[in-house]
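See the structures that follow.
Here chain A shows up in two complexes: once beside chain B, once beside chain C.
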Partner chain A sequence: MIDSMRGRLRSGGLDFVLSVVVAIVALLVALIFVIAAGVSFTSGASAFVDGAFGTQLNIAGTLAKMVPLTLVALGWIVVFKAGRFHVGFPGQILIGGLLVSVVALKIDLPAGLHLPLVLIAGIVGGALYADIAAWLWARRGVNEILSTLLLNLVAVQILAWWVRGPFHDHSSPLPLTPPLPNTSRWPELLKNTDLHWDIVLVPLAAIVIAFLLSRTLAGFRMRLVGSGERVARQAGVSPRATGAGAIILSGGLAGLAGASLVVAGTTPQMGEDFGANYGFTGIAVALLARNSPLAAVPAALLFAALEQGGQTMEGTVGISSSLVDFIQGLMIVLVLAATTILYIARRRAAGSRTPRVPAPAAPERQLEPSP
Partner chain B sequence: MAGDAERQSASPEPALRLVGITKRFPGVLANDDVSLDVRQGEVLGLLGENGAGKSTLMNVVYGLYRADAGEMFVDGKQVDIRSPQQALQLGIGMVHQHFMLVPDMTVAENVAMAPSALPGLVRLGDVEREVGELCQRFGLDVDPRSTVQDLTVGARQRVEIIKLLYRGADLLILDEPTAALTPTEWHELSRFIRGLADQGRSVIFITHKLDELFGLVDRCTVLRDARVVGTVDIAGTDKPELARMMVGREVTLRVERPIVDPGGPVLEVEGLQVSDDEGRVILEGLDFDVRSGEVFGVAGVAGNGQTQLVEALIGLRPIDAGEVRLDGKPLKKLNPRTFTDAGGAIVPEDRHREGVALDLSVLDNLMMKEFARGKYAKRGVIDFDAARERSEKVVRDYDVKTPGVNVPVRLLSGGNQQKLVLARELSRDPRLVIAFQPTRGLDVGAIEFVYGELNDKKQAGGAILLISFELDEIFSMADRFAVMVDGRFLRVLEGGDADLETVGMLMGGAEHAA
Partner chain C sequence: MNVIASIGIGPFDTAWLAAALILTTPILLAAIGELISERAGVLNVGLEGFMLAGAFFSYLITWKAHSLPLGVLAGVAGGVVFAVVMGLLTIEAKADQIVSGVGINLAAIGLTSYLFDEIFGNEAQIVVPTIGQLKIPGLASIPDFGPALFNHDWVLYMAFLLVPASWFLLYRTKWGLAVRASGELPAGADTAGISVRRVRWAGVLTAGALAGLGGVNLAIVQVGIFHQQMTAGRGFLALVAVIFGRWKPLGVLGACLALGGADALQLRLADQNQVPTQVWGVVAGIAAALAIYYVVRARQARPRWVAITLSAMVALTGVVLAFASPHVDLPDQLWRSLPFLLALVVLGGAVTRAHMPSKLTLPYTRGDG
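Here is the complex of A and B:
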């Protein structure tokens, strides 16, 4: 019993160390570029730390950015555990926001009811949009990576039309909706900053998803399907239903992220590009967190700080904020490389235990159509 | 192509000679000091059970595997083949069990896809003409301009062979080419292979079906347990002798088979009809029953419908017609959950992919069927205290060696993984246990454990359906057994009075064995 706990801690600890090392290495490599750009180490680093955590305003900005990043990361973790991948978060964020704008502008309710309904609208919007990809995959065998990638483009166009057409604020020349009423918005946590009460979603969602995956039957089904479709089928768990469910749930999480971006943002109106890069950066967060729901929180904090600090750094010491994209990209590459190396090392260590069955020389009958 | 006559009259050197080929995989000796030769213009049969090492040997010849020891000679010259391309340059071509053709291209286009020194310089017209000539010469009825997907399975196979002939293969290796053929197609193919040999090409014909050898091959080399048992002239032998050579080792592991007076039927199968994924009927009207207190064996070579039978019984494959009853109750809406609910247990064939989820914990693996059926949970939340208590008890009862119930199953040895599967299935106290190749890849100790558990279950009044490709296993365990060939049970025999020769011949598809 104690042995097993120790084993678990050890493997979890290794994952943690790996992620920390990857983050540090990425930051050090970034520093080389900072110094190469003629900025001293100290002023570069302090500009960055200042930008991310220096002032109340900057801390608030960092924390606010954590919310969508965490939610998207959790969405990725859910599908990943169920053995599926999808990259539809940007589109699901946008469609979640679209439904939010409908409920916020067309329904009149007191504050205590309006916001919950808005959040539900966001979740439903994201889930419905993910449902298209889930259905295409489960019923038609369409690869969910491809369908979601394309659906992202569709969502961008829908939003562009939305804020210019049916929901355009005619008093403004910009593609924006009218201001959403205060009853529909998250209240501010810190006055005159970006930080709203939606920050509570970060620990809450992480705990809920961690609980779902480790403690519930639904989570067990996802993990079982994710660890092997054939064994899941033998046990009586449908890989299709479970996989589709996971895709839809992750869409719901992305939709909730979209709701936060719309009703906890800086401006009271909804534009067409509020999703920014969160849909893809969230995946990077999940990768750095090594697909652990709880580790997604610190990983999201790091990425949020990079975004926030990078923006400020550009203003103060004149280093392009694209350095942040560089660091993020580097972290993804390093995580993947480290994971692979770790995997190979583990296999070598366990090598004698699982004899490798000789691979069949001929490919399976992929080329042959059914007669 | 003008050199055929020359070639025939040329050196008396064999087309291919293998000397002492040895190939080891981790934990498995696939070829042990194998020597054989193929003469010019000869069809050599390569006979052996599944896992005897036939395919490995041919993959060595074809450059897909490297032998650990041994030498190869082509036309008398020593060679070291490192890739299929190189094999082809030496005139060796192989047709795999699964076709490698692009279905929506024409025959000529498929043939023209040969790797050539100057790509893009092949004229399709030339290819079509040459393919036409080849077809004419070897008596093949295939139009070079027809699309591959419109062809029958038999014709596609001939296209594969044409492809190799076009690329200049003198020695053709056919790896169990008859698996998907109808009798008529088989007849055509066999005539075609003879024609190749008559024109000076050499052929290695891999099979485990005795019937196919007569009238086709000149000599036959028999492999068993990675070694060559012998090479015989087909004219001077008969089926019983070949059967004995193929399966006739002394039974290595004998377990005491407890004799129990069988009770009433537990599993009843009536007129079971099942198709494969492509809609071909695989099982056509299968009838049998398994009684309480008996092990009913299904012997036979892999690929004769065993997988589809098991999948249909546990509810993973739709039943086209017929009825399955468990304890007298018809199994309606059969799926793995209702099968489990009705008292069924399954020890699947592929332990790593079907038996256990390697990345999940011992607890998850032991409890997966309970969780899948919503047991050990309240309102969707798993009761981990109860689940842990139960899995720790099962681990103790079945002596699964594990550091704890939370470690991933991947860290357990193969024998312990199989123990875990048995523990999960038997601890539910099922009425029927379907065991499909339950000792595959296990060492002797683990095999004894599996046999012991199954026999205990039988003595406790359970019904056991044992499907195995190992005759030893059937002989050791089964009270009655059937021999399965082409989706049918050829005959049901009593476990005590079966002899190896008869069964070997039945497995080889010789229906009217003595």
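Here is the complex of A and C:
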């Protein structure tokens, strides 16, 4: 997984081309669907571009959607580098938001203190929820993919109960919390749009995670464990502790995404479905970014544009926005296919010089933690 | 379900039994397919997606072609199509099985939701005809238990018959040996002249077809409707069932029955505003059985004091609650998450490491050993 710096520079260009090709192919497939639904090419394409970037409101919507997408993508990248996969982002977003609602509604503080505390609550909520999966994996040998898939389904129920029971706004028949105070919310960056100051988290988090992974001891340990557990153990690094730590850190990032969705959202109340699909879409973002923290930013922009454009298209030309979900899944499939085809091609090319490259395309990853 | 005269204790009556069997069926179908695929070395996280495709396409074709048999075929084919994508990615391109599965799930959720919106979006929910019951003569007329057990559709019978069939296939045929070898020792299987690639393809396609049939069961057997993401986590439960069942057909059946039973129980309890006493009794019984199991096992292995204390405490609490019968109204959402919570507890408590096919999720390349 870890190339040397020089190797990374050399393959970086190819990775970029690959991601662009995948994105173009996926968009073409989307266009075919749009045309099949009876919308002409030009009106479909212009409705999409208009929806994503046409007006100040739409640009703001696109940029606002980048925040949770980038944070979740970074969460995936952290666990991926440590050789673990978990898909608990949707649940961690929801539990992060749940803790945010507690701190926002139950604690009274001035603006400068309330918002930071709310953000910490989001991080803690996501990390705590991820902690369950980390514990199950490290101590009980439970595959973290399965546990997080189940925890996601449980989190949906917890939220449904939360906004109908203990934190229900009794003046409203809808399953919503009372409005969160302004002191707990991100200030608007552009008046009367969805764009809040939380957009600064996008470059900030990307740089912090890139620095963490490439320049710190913790990051080195994660990459070491991710590249092979045996080597890591011989170097005195515990795959269990590192893997569990990475899962918890990524949960914290997802929780922060949840906080943004709650305190930088369109409405001041928290509902049960604020997590939408960001938890899974973020994974697609990370894969398109080829698991590079900095590349996650432009990839998130693309997906945010897809989401925003898809939403507005539903209103303007009547194409269901679920098409966007399909395109996201398709992108994951295409990235995987393209990566391995590229790998095989490289291997063939290398084969003429060296007899055989023994590394498998997928990293030798252990499903269960080793003692 | 009202037709059936209910006997039993509290919520655990024959109507619950019938519902448990019905709710077990889709999970069991998917789990048996997944069992074969995992024994061959391929883990399908996309099982949920296969099921969802099965449900949608069976519903669509039953409505379009006015034909249930065509609907069933379309559902199975829907599952198989996504399984083909899975096979191409993991067996041919040797991409990571888990990430592939995540992508396939997303694609299946998106595609079925999109097509459903486009085709049925502007209309009221269309109810298509469903596959009717097939009373088994003689057995169905046994009082009380007869109708609960032997008055179901053919898909349900088939699901339960697949358990012995898959056992026979895996342990008594050459093909089964090839499947098990491909998951345990692919290099050895290769040396013996078995095409690991072909066996793994067979496994993935079986998982696709059976999960597709599980989706068919949800859409055009149980209700005659489709709604977005109607599988609601059943594919994931099937994955858990394979682990909890320790990769063996009978174990998988037991796990599916437990999950289906919990699902049927939550349906009955969600609309009650008091927890029936019998539920506490059953909790106490299960916890006591667990405690006894751990105590008995402690003679051979290291005693697990935490597990013993915990299960004994739960058992005691259950007994106290059963006798005190307090008026507790637990939120519906807790009952709804019951199968998932059960699955998590099961995963955390099961000692499964020794039973997992050793080459599960690892791609096999000829010559890599």
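Please note the rule applied: the second predicted complex is superposed on the first by the 341 of 371 C-alpha atoms of A that agree within 3 Å, B and C clash if a C-alpha of one lies under 4 Å from a C-alpha of the other, contacts with A are read in each partner's own complex, and residues count from 1 in each chain.
The definition used in the following text is that a residue touches a chain if its C-beta (ideal position, glycine included) is under 8 Å from a C-beta of that chain, and two chains touch if they have at least 3 such contacts.
Please read these numbers as outputs of a predicted model, since none were measured by experiment.
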Touching partner for A:53 - first (chain B), second (chain C), both, neither: neither
Partner chain(s) touched by A:323 [first = chain B, second = chain C, both, neither]: second
Comparison of chain B and chain C by chain A residues contacted: C
Contacts of A:332 with chain B and chain C, given as first, second, both or neither: second
First, second, both or neither for A:146, with chain B first and chain C second: second
Partner chain in contact with A:87 - chain B first, chain C second, else both or neither: second
First, second, both or neither for A:160, with chain B first and chain C second: second
On chain A, positions contacted by chain B and by chain C: 356, 358, 361-365, 367-368
Residue numbers on chain B that touch chain A, as the complex places them: 25-28, 30, 55-56, 59, 62, 64-65, 96-103, 149, 153, 277-279, 314, 316, 335-337, 339-340, 346, 348, 350, 353-360, 364, 368-369, 371-374, 377, 380-382, 384, 403-407, 410-411, 413-414, 441
Residues of chain C touching chain A in the complex: 45, 85, 88-89, 93-100, 102-111, 113-114, 116-118, 121, 228, 232-233, 236, 239-240, 243, 331-334, 336-337, 340-341, 343-344, 347-349, 352-353, 356, 360-363, 365, 367-368
Residue ranges of chain A touching chain B (in the complex, touch as defined): 1, 3-5, 7-8, 215-218, 220-221, 223-224, 226-228, 230-237, 350-358, 361-365, 367-371
Partner chain C, residues of chain A touching it in the complex: 33, 37, 85, 87, 136, 140-143, 145-147, 149-151, 153-154, 157-158, 160-161, 164-165, 280, 283-284, 287, 319-320, 322-333, 336-337, 339-341, 344, 356, 358, 360-365, 367-368
